[in-house]
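Given below, in the form of structure tokens, are the structures.
Both of the next two complexes hold chain A, though its partner changes from chain B to chain C.
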Partner chain A sequence: MRLLPPPRTAAALVAAGFRRWATYRQAALAGAFTNTVFGVVKVSVLLGVAAAAGGSVAGYDRLELSTYTWLSQGLIGVVHVFGWTEVAERVRSGDIAIDLARPLDLQVAWLLQDLGRAAYATGVRFVVPLAVGALFFGLRVPGSVWTLPLFVVSTVLAVVVSFGCRLLVNLCAFWLLDVRGLVTFYVLTSTLLMGMIVPVPLFPTWLRVLAYATPFPAIVQAPVDVATERLSGLDALALVASQLGWAALVLVLGRIVLARATRRLVVQGG
Partner chain B sequence: MASALTPYAAIVRSRVAAQATYRTSFAAEVAGQVFLTVVEFAEVYVIFTRVEAVGGFSYAEVALLFGLAATGFSLADLVVGQVEHVSRHVRDGSFDVFLLRPLSALAQLASSEFQLRRVGRLAQALVILVVALVVVDVQWTPARVLLAVLTPLLGAVVFGAIFVATAAVSFWLVEGQEAANAFTYGGNYLSSWPFDVFAVAVRSFFTFVVPTAFVAYVPTLGLLGRAESSGFASWVPWCTPLVAFLTCGVAALAWRTGVRHYVGTGS
Partner chain C sequence: MTGAVIEVEELRRDFVVRRSAGRLRRERHVVAAVDGVSFSVPGGQTVGYIGANGAGKSTTIKLLTGILVPTSGRVRVCGLDPVRQRRDLARRIGVVFGQRSALWWDLPLGDSFRILAAIHRLPAAAAHQRLEECVEILDMAAFLATPVRQLSLGQRMRGEVTAALLHSPELLVLDEPTIGLDVVTKQRLRSFLRTSQERYGTTVLLTTHDLPDIERLSDRILVLDRGRLVFDGDLAGLVARVGAERVLVVDLAQPGPALDDVPGTSLRSVEADGMRQQLAFRAQDTSAAAVVAAVTSRAELTDLTIREPHIEDVVQRLYVTSQRS
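Up next, the complex of A and B:
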């Protein structure tokens, strides 16, 4: 079996992921609304911190804190921060057997559908918080014309790293029938360490070192750092390259785990 | 009274027995709930490694806000938080079942989807609240002790009312359940910080429309003796019972209207 499907199949998989999520427009708008309300609280607290610290904190001025807040809130839906248990549920129900019978590489097919999902999320869940942020709190306009294209690349890689991690958690369902506890731990740990709650540069040293030893900052902090030009020029390219490294690592690990899992698979009842 | 509660008690007991059957899963889920509050508090911890005060509140004072809000919220979450699943019942028409029985639909929903694992969240919130109360600089008087005890309980009533009122909206917006999170979980998040950091519009909304200001911030001003210096009359911190009563009235009205609006799946 070839690793990459023919372009038409690939496009169909991306489109399928997009359309599936596009069905729930009301849910996407509700999610965007909630992410925006949380953004208002987050940016107010961070601006209060900056005011207490004399105008800027850990190298973030007011405009950068606002930009960080609204980009990170916008990315919640795009990189799918919260629980994703689709694959685990298919393992639990035994439907995974049907997936394995398909003439497609499973990991690649799931990834392509997830990219379609992310594309749809960009249209609603990314745009709404960013528009509100720009209107009421102000956003930093990038100084370089290369920042925007690099941010797009960085965000696509962020989705891939996020997918790779989520898939690894889901694949544990081959060994544990109930992954809910594990998913809770994963969501909580990753949300903190990716810089979703507070920017990673604000962490005390021990926590920052711990965070950068995981792939999680590559999911939120990296694209935000690219967009706010905390790193620019070659440093920004190096950051995107590190995301590429994390993406490769989690995807390769996922392949190994999936291969082992399918070898020991016994579908319910025989 | 006791006999009116008997059927619900039986339902809750059966839920607890079912959930405790798979011990490892259950232990993992309780631990997950404890960890949830730990991660939420990590935000406060990280911020106070950078500054001495936020909005004029010290680390211990913000921890007190956090403890009061989190205790009230997790108690409400344990007792009625499960009403947020009503949208699922509205979507697939299974809400019919609740209406057919000669029991309150709201109490049936709250008891039949009771999640014992949420005691983990409550326990961790209580730990933070107790530590904050010990560490914070309060001139204790009998009135303030009463205020400190009443606040998390009344906070739970306010959050419970917000849970019910926002769940009632899903009788109209079936797919829009996540918007309720902005007021339930969002209200909890916002109450953990001094209102001084928010813009006037945000402050007013969360004082007069969704009154989470009375869950932690306003009572804390009373405990610290700072109500007047923050622009409130000295009796305002004692208004939480009235606020709790009013929010319950609004929630009851919203829920009744929602249930009347419900017409099943139509097939």
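Up next, the complex of A and C:
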């Protein structure tokens, strides 16, 4: 059985994801505004910490802390950090039956639609905080011409890893039906371990080790490290390769869980 | 005849139901939603699949479409194993779940059709032609640009049926397609289904609580009761099986005596001094022509009507008789 649909089908699914989210422009703008406001708070705290530590902290100077902050705030919408329960809702309501009655691989179809969503989020949720950051706090300009294309690849992989993790949480609905508690737990732990609240290199050693044993740093810390050139050359490529590894792992795990879930499926509500 | 589109043999699906028994203990019950059902549907047939709530209709549909895994038994749809070849099968069948939506809620209706055409890998020209046809017959041009979430139920249902037919499926499965629709919309949907079935020879399996759907659309009726198939045949056969009665209402030219001696009938009522009388008879005992002839030999007729047994009554009788047995 072919896993990937032909290009036209894939493009239609990506476009469907894009257009669905593009319907709610005000919501996207409100999200961008919130991310920006919290960015101001976050960057102020981090700059305060750096000042107290004598100008730099864990190898981050003021400009790098600002760049980290605005990139990570911009990525919130793109990698969709907070509470995505669409698949869980479909399981809960039984609408999953519709998805199963289509000639599509569920995981691939959802992933393609999520990529479309991420593309739309890039236009609003990423651009707005970054523009504000650049205007009022300053951003570090990459030194290498390869940084930008590598950052794009790294961000796409970040979306895939994030999607893989979110899908796994959602698939628990096949067993639990109500995943709200699980989602809250997931959002709390994953945002910390992604390096969304403070950069992972600022963590105490034990927490840093723990974080890097999870796929979460591949979602935010990795693309930010690529963009800020904390790693460069082969090291940066190795980082992106590790994201690819995490993406493969969470997707394969998702397939196994999905296969088990559909075997035991009870479609809710008649 | 293209061979059997649906083949089901001794199909069974159990569900485990956990009930609380006491404070902490939970009892485990196995309930058979579909319990040893066998039938086969040849190509081009329209089959009405009826039964009370919880009889196992929707479960059967999920088993046929590969959404649920059977506990035991054999299912073949379009020659495929629904569970193992679910995606291949999905290309060849169309499903409408009356209580769910296959459309993209946030997007204009037309967008859903475009996405579905791409999902089913339809050549642009074929998809366009098919869509034009549906849009015209179902009168959807006015709301193709409206987001699905803003459509009325009737408009959305027309969209759902179109979505299921876009890829010209061999088998169309309709799970309560007319639920909640008004009379006019129901009528329009029925005639559309009939036309598309005649034109393309689509095999149709239809579950419904709306019995006129069955009367208008089905060549054959399957009645399911608590997971078991209790009837398989046509409407006339179902009527004969439960002994439902047809009623001949005669208006006579002059007041006359009660017509209580017509063979094979029983007199239901005498009104207006015998000017209007109602005679009930069963299809297997006598024919309408014989009864009319017998009445005209006794009195002068001015008008007559035949009331067919209402399918609600027929099915209700069937449920009652199968519960007794």
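We take it that the second predicted complex is superposed on the first by the 267 of 270 C-alpha atoms of A that agree within 3 Å, B and C clash if a C-alpha of one lies under 4 Å from a C-alpha of the other, contacts with A are read in each partner's own complex, and residues count from 1 in each chain.
As a working rule, a contact is a pair of C-beta atoms (placed from the backbone, for glycine too) under 8 Å apart; a residue touches a chain by one contact, two chains touch by 3 or more.
Keep in mind that this is a model prediction, so the values were computed, not measured.
Peer 1: After the superposition on A, what does A:D178 contact: first (chain B), second (chain C), both or neither?
Peer 2: First partner only, chain B.
Peer 1: Check the contacts made with chain A and report whether chain B or chain C touches more of its residues.
Peer 2: For chain A, the partner with the higher number of touched residues is B.
Peer 1: Have a look at where A:L207 lands relative to chain B and chain C in the superposition and call it first, second, both or neither.
Peer 2: In the superposed model, A:L207 contacts chain B only, not chain C.
Peer 1: Under the stated touch criterion, which partner chain does A:G94 make contact with: chain B (first), chain C (second), both, or neither?
Peer 2: So A:G94 only meets chain C here.
Peer 1: After the superposition on A, what does A:A27 contact: first (chain B), second (chain C), both or neither?
Peer 2: In the superposition, A:A27 touches chain B alone.
Peer 1: Applying the touch criterion given at the start, work out whether A:A12 contacts chain B, chain C, both or neither, answering first, second, both or neither.
Peer 2: The second partner, chain C, only.
Peer 1: Is A:L253 contacted by the first partner chain B, the second partner chain C, both or neither?
Peer 2: So A:L253 meets neither chain B nor chain C here.
Peer 1: Once the two structures are fitted together, what part of chain A is touched by chain B and by chain C alike?
Peer 2: Chain A residues touching both partners: 24.
Peer 1: In their complex, what parts of chain A are in touch with chain B?
Peer 2: Of all residues in chain A, those touching chain B are 24-27, 29-31, 33-34, 36-38, 40-41, 44-45, 47-49, 52-53, 57-58, 178, 180-182, 184-185, 188-189, 191-192, 197-198, 202-204, 207.
Peer 1: Within the complex, which stretch of chain B touches chain A?
Peer 2: 22, 25, 28-29, 31-33, 35-36, 39, 42-43, 46-47, 49-55, 173-179, 181-183, 186, 189-190, 193-194, 196-199, 202
Peer 1: Help me check something: in the complex, which residues belonging to chain A touch chain C?
Peer 2: Chain A residues touching chain C: 1, 5-6, 8-9, 11-13, 15-16, 19-20, 23-24, 93-95, 97-98, 100-105, 263, 265-267, 269-270.
Peer 1: Mind listing the chain C positions that touch chain A in their complex?
Peer 2: Answer in residue numbers: 15, 58, 62, 65-69, 86-88, 90-91, 93, 95, 97, 99-102, 104, 106-107, 111, 114-115, 118-121, 147.
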